[in-house]
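Okay, so chain A shows up in both of these, paired with chain B first and chain C after.
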Partner chain A sequence: MEEKVLAILNDICGADEGELEMDLELFDEGILDSFGVISLFVEIEKQLGVKFEPTEVERSEISTPAKIIAQVKQRM
Partner chain B sequence: MFVLESIKKYAMSDRIALVNREETLSFAELDARSDAFAMYLLESLGEDRTEIVIYGHKETDILPCMYGALKAGRGYVPIDITVPVDRVQQIVDDVQPKVIVDFYGIGLRSDGVILSAETLRDRISCFLGCEVPKENWIKGETPAYILFTSGSTGKPKGVPITAANIENLYSGLLPWMTGEGVILNQISYSFDVSVCSVYVGMAQGMTLYTIDKQMIENLGELFEYLERSGLETWVSTPSFAEICVQSAKFNSGLMPKLKRFLFCGEVLTHKLCDQLAERFPEAKVINTYGPTEATVLVTAVEITEKLRHDELQIPIGYPLDEVTFRIVDGEGRDVSPGEQGELLIISKNVGPGYYKRPDLTEKVFFKDRETGKRGYHTGDSCFEKDGLYYYCGRMDNQIKVNGFRVEVEDIENNLVKVDNIARAAVVPVSDGEKVQYLAAFVLLEKADGLSSLKRSMLIKERAAEFLPSYMIPRRITAVEAFPLNTNGKVDKKELAKLIK
Partner chain C sequence: MTPYNGLLFFYIMVALLLPAAAIGLCGRKLKYYGLFFTVAMLLTAFDSPQKRITLLLFYLLQLLLCEGYSRLRKRCDRRPVLWLFVLLSVAPLVIVKLGGIIPELNFIHMLGISYMTFRSVQVLIEIYDGLITELSIFDFSYFLLFFPCVSSGPIDRYRRFVKDTDMRYEREEYAGLLRKGIWKLMSGALFNFVIGGLIWSEWIAKLAESGFAATVSYMYGYTFFLFFNFAGYSMMAIGTSYILGIRLPENFNMPFLSRDMKDFWSRWHISLSTWLRDYVYTRFCMAAMKGNWYKDRRTSSYIGYVITMMTMGLWHGLAINYIVYGAYHGALMCLNDVLDTRWKSFKKLKRQKYVEIILVIITFHLFSFGLLIFSGRLF
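This part shows the complex of A and B:
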């Protein structure tokens, strides 16, 4: 699952494999924005069958790759 | 002007003109504050009618500034905070305003007066109670606003729209959005779709319900505000609605009073129409189309169930009353019915041309010999079927990204301002119906030893000094060389293949 989430993130952020550090602040660094988040949720649902209700997730809860993975885990 | 008359009329009631988070502004306050600001402009500037510049986002006092300028017989130039300082300065240098209202104190250079949010409040307080005689109000061919849009040279291009243009839009659009209730005020004032709320909605005494940038970044908060909005009329780009439908809560339970969605600014997809029909069975979906140069929109159509299942695509609509269309081929001859060609608009909606650019104006604006009205070459490829018009794409490099109008060359010309970038090529990535995001390919002057993510972060940070955030490509990839086509130009089709 982790690899899949990272692969989705790499794709959205334009990063090479293994390049995203787990504690990288994606919003602060300008890598992810509102439209990117929506693409992220859509892809996670498509590939992992995990659904995010976007109104119930705050930016601070998904601001790094590690946090995103944790949020996916919680919903599995 | 009709909207100023309406504000005066509703000022006699206790009706609310604007809701902005916990703040409200009544029509009476809006009328008084805009009169005060108009009086300040007339007293301090006299006969000088240069447009004023307003830099801000959704601050409550922006509306009194805009209507105040109109009451003082001059236009305004609204600039949203998504525009970086460097680009705002270019616009200021172009317009040479005598008054700038800068809600964020970004340190603009100007020979004119720069008012902060605070000094603006002081000036308004000083003149509160004054009423500007109507003969000072803006009219006819005087520009009411100038919007600066992406220009292919890399410098923003000004589009002035006159008071007469907006009057004409009002009569054309009115049948499609008649009502009094609450209307969405989400689109930034520097983007012309906001005119639907600010002029057509306000003139009917509607209440503008503000959605700001912060709310969009926190959908939980956005939905709390939507829930208590009492919204009846939704005006936005399809992109904003696409963000909202991502939540299962976006349905008639959240906004039970919603009567209509009015979309403008980019392609409306089948998918969104289907989702809205399911979630809001009582609400009408109206699609519209128009370039900024012809005052927001010149078509409209209700997307009925039949049109929703139109296999061609979602139509952009029928021309509004008074609007005439022609579809022409490369030689300017009318095409046979049903054939594709460039759409020409002949209407009183067509503005006077580009700001201080007679060369550009001459290329795409014309006077129609038959009617004496102005005409405009849209650069949009369209066709007509049974009176309905369909959009097929641009004939140049202009694109729409999340509803924003962008010239690809504008991004390329600004990316090369970043250190170590020799050349740049930008490619829109589409899912077939609509642009999803932008990808940039750059040729470096010398190897930088950075990983692609680090490099892309660095370039984005620097590019943000020159480009609004919506113009910064999501993906930036360094290439060793650009593939060239047979004409020796960068082959963007080949570049597009590099994207998975």
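This part shows the complex of A and C:
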């Protein structure tokens, strides 16, 4: 599951494998924006069957790759 | 009586805030007194039987819709039903806006109708999403009518608001909130009345009616005026809410330091732009992506920006200046996105000090020109 989430994230952020560190602040660094979050939710639902409503999580709860993975885990 | 205007208003409000401060300092829950404060202040602001009846009818309609939908949602999760409820919820606002151009429809006049509609629609959408499962009549009423932000925001969110209403602050914690509240209320008054007032009387009011130089000067003056006026107003609303134990979200965050238009909208009228982001832009893009409406996913983002910004423009009113204002910002957001995605080094460039300064100056002029369109002086 972790690898899949990271692969989706790399794809959306246009990053190479291993480039995004687990604690990287994606919004502060300008890597993820509103559109990126939407793509992320849509892909996670498509590939992993885990659904996020648009206002279900605050940005602070999904601001790093590690936090995103934790949120997905909670819902599996 | 207009909220946050005139000495009498402030005398009444301060008198009614004193018991709130006492209750808070005793470490008690503030929500019951908070609702009393809200009703008392609403009766002060809505100072004629006609205004009070309009507000009552509007409130009952929204209460009925949200409570009704909250029950219905448990049995039916079809999207068209949500659309119907949203449509009914925004109907009074649409009539108000149409009343601006069609005299026959010019019969609803109500302070704060735009902002209250935003709150109600948000509740409906989150009921649909399954994020609001129980809607208490008390909490909903307090949220919808909460006086400090009733007329001009900031636009709060239901789940966030309810968390605050249920808080029982420790004495020290509340004392901190009270200090911050008073500070915000005072600085807001300084921004709004003193600085905003001076910009208006000493700068804008003295400009010629037309002419290129006067219009350019008006553009700068109006931008600063609107910032001090509106940010000041928001600070007063936030300050008042703090005293009642509710931490309304911030509405402005140094917009003059924005590096591009996306950055600008995360700093200017934040509660409106995040509302539109969450309930218009995101939903449109998500639906478009899931339904594969467009070959290139980015297309949905561009169309989403235009729809979102046009909604914002039209929400201000059905006049040509507001429509152009919406279209202008929609176009700028698309341009911003093209630069971000197509020009790979743009992001790196943005972080260099000297480029940053140039971008701040360009962005300032872009949004100032937008506000000049908004002001209606050009049309």
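The definition used in the following text is that the second predicted complex is superposed on the first by the 76 of 76 C-alpha atoms of A that agree within 3 Å, B and C clash if a C-alpha of one lies under 4 Å from a C-alpha of the other, contacts with A are read in each partner's own complex, and residues count from 1 in each chain.
The criterion applied here is as follows: contacts are C-beta pairs under 8 Å (C-beta built on N, C-alpha and C of every residue); 3 or more make two chains touch, one makes a residue touch a chain.
This structure is a prediction, so every number in the text was calculated from the model and none was measured.
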### chain B versus chain C, judged by how many residues of chain A each one touches
B
### Query
First (chain B), second (chain C), both or neither: which does A:S34 touch?
both
### Message
I'd like to know which partner A:A15 touches here: chain B for first, chain C for second, both or neither.
### Response
first
### Query
Touching A:Q74 in the superposition: chain B (first), chain C (second), both, neither?
neither
### Task
Have a look at where A:T55 lands relative to chain B and chain C in the superposition and call it first, second, both or neither.
both
### Message
So in the superposed three-chain picture, is A:V42 touching just chain B, just chain C, both, or none of them (first/second/both/neither)?
### Response
both
### Query
Hey, what residues of chain A end up touching chain B and chain C alike?
30, 33-35, 38-39, 41-42, 53-56
### Task
Mind listing the chain A positions that touch chain B in their complex?
11-16, 19-20, 29-31, 33-36, 38-39, 41-42, 53-59
### Query
Okay, in this complex, where on chain C does chain A touch?
126, 129-131, 157, 262, 277-279, 281-283, 285-286, 289-290, 297-298, 301, 337, 340, 347, 350
### Message
If we count contacts the way the header does, which residues on chain A are in touch with chain C in the complex?
### Response
30, 33-35, 37-39, 41-42, 45, 53-56
### Query
Taking the complex as given, what residues does chain B use to touch chain A?
216-220, 222-223, 239, 242-243, 246-249, 402, 436-437, 439, 451-453, 456-457, 460-461, 464, 469, 472, 474-477, 500
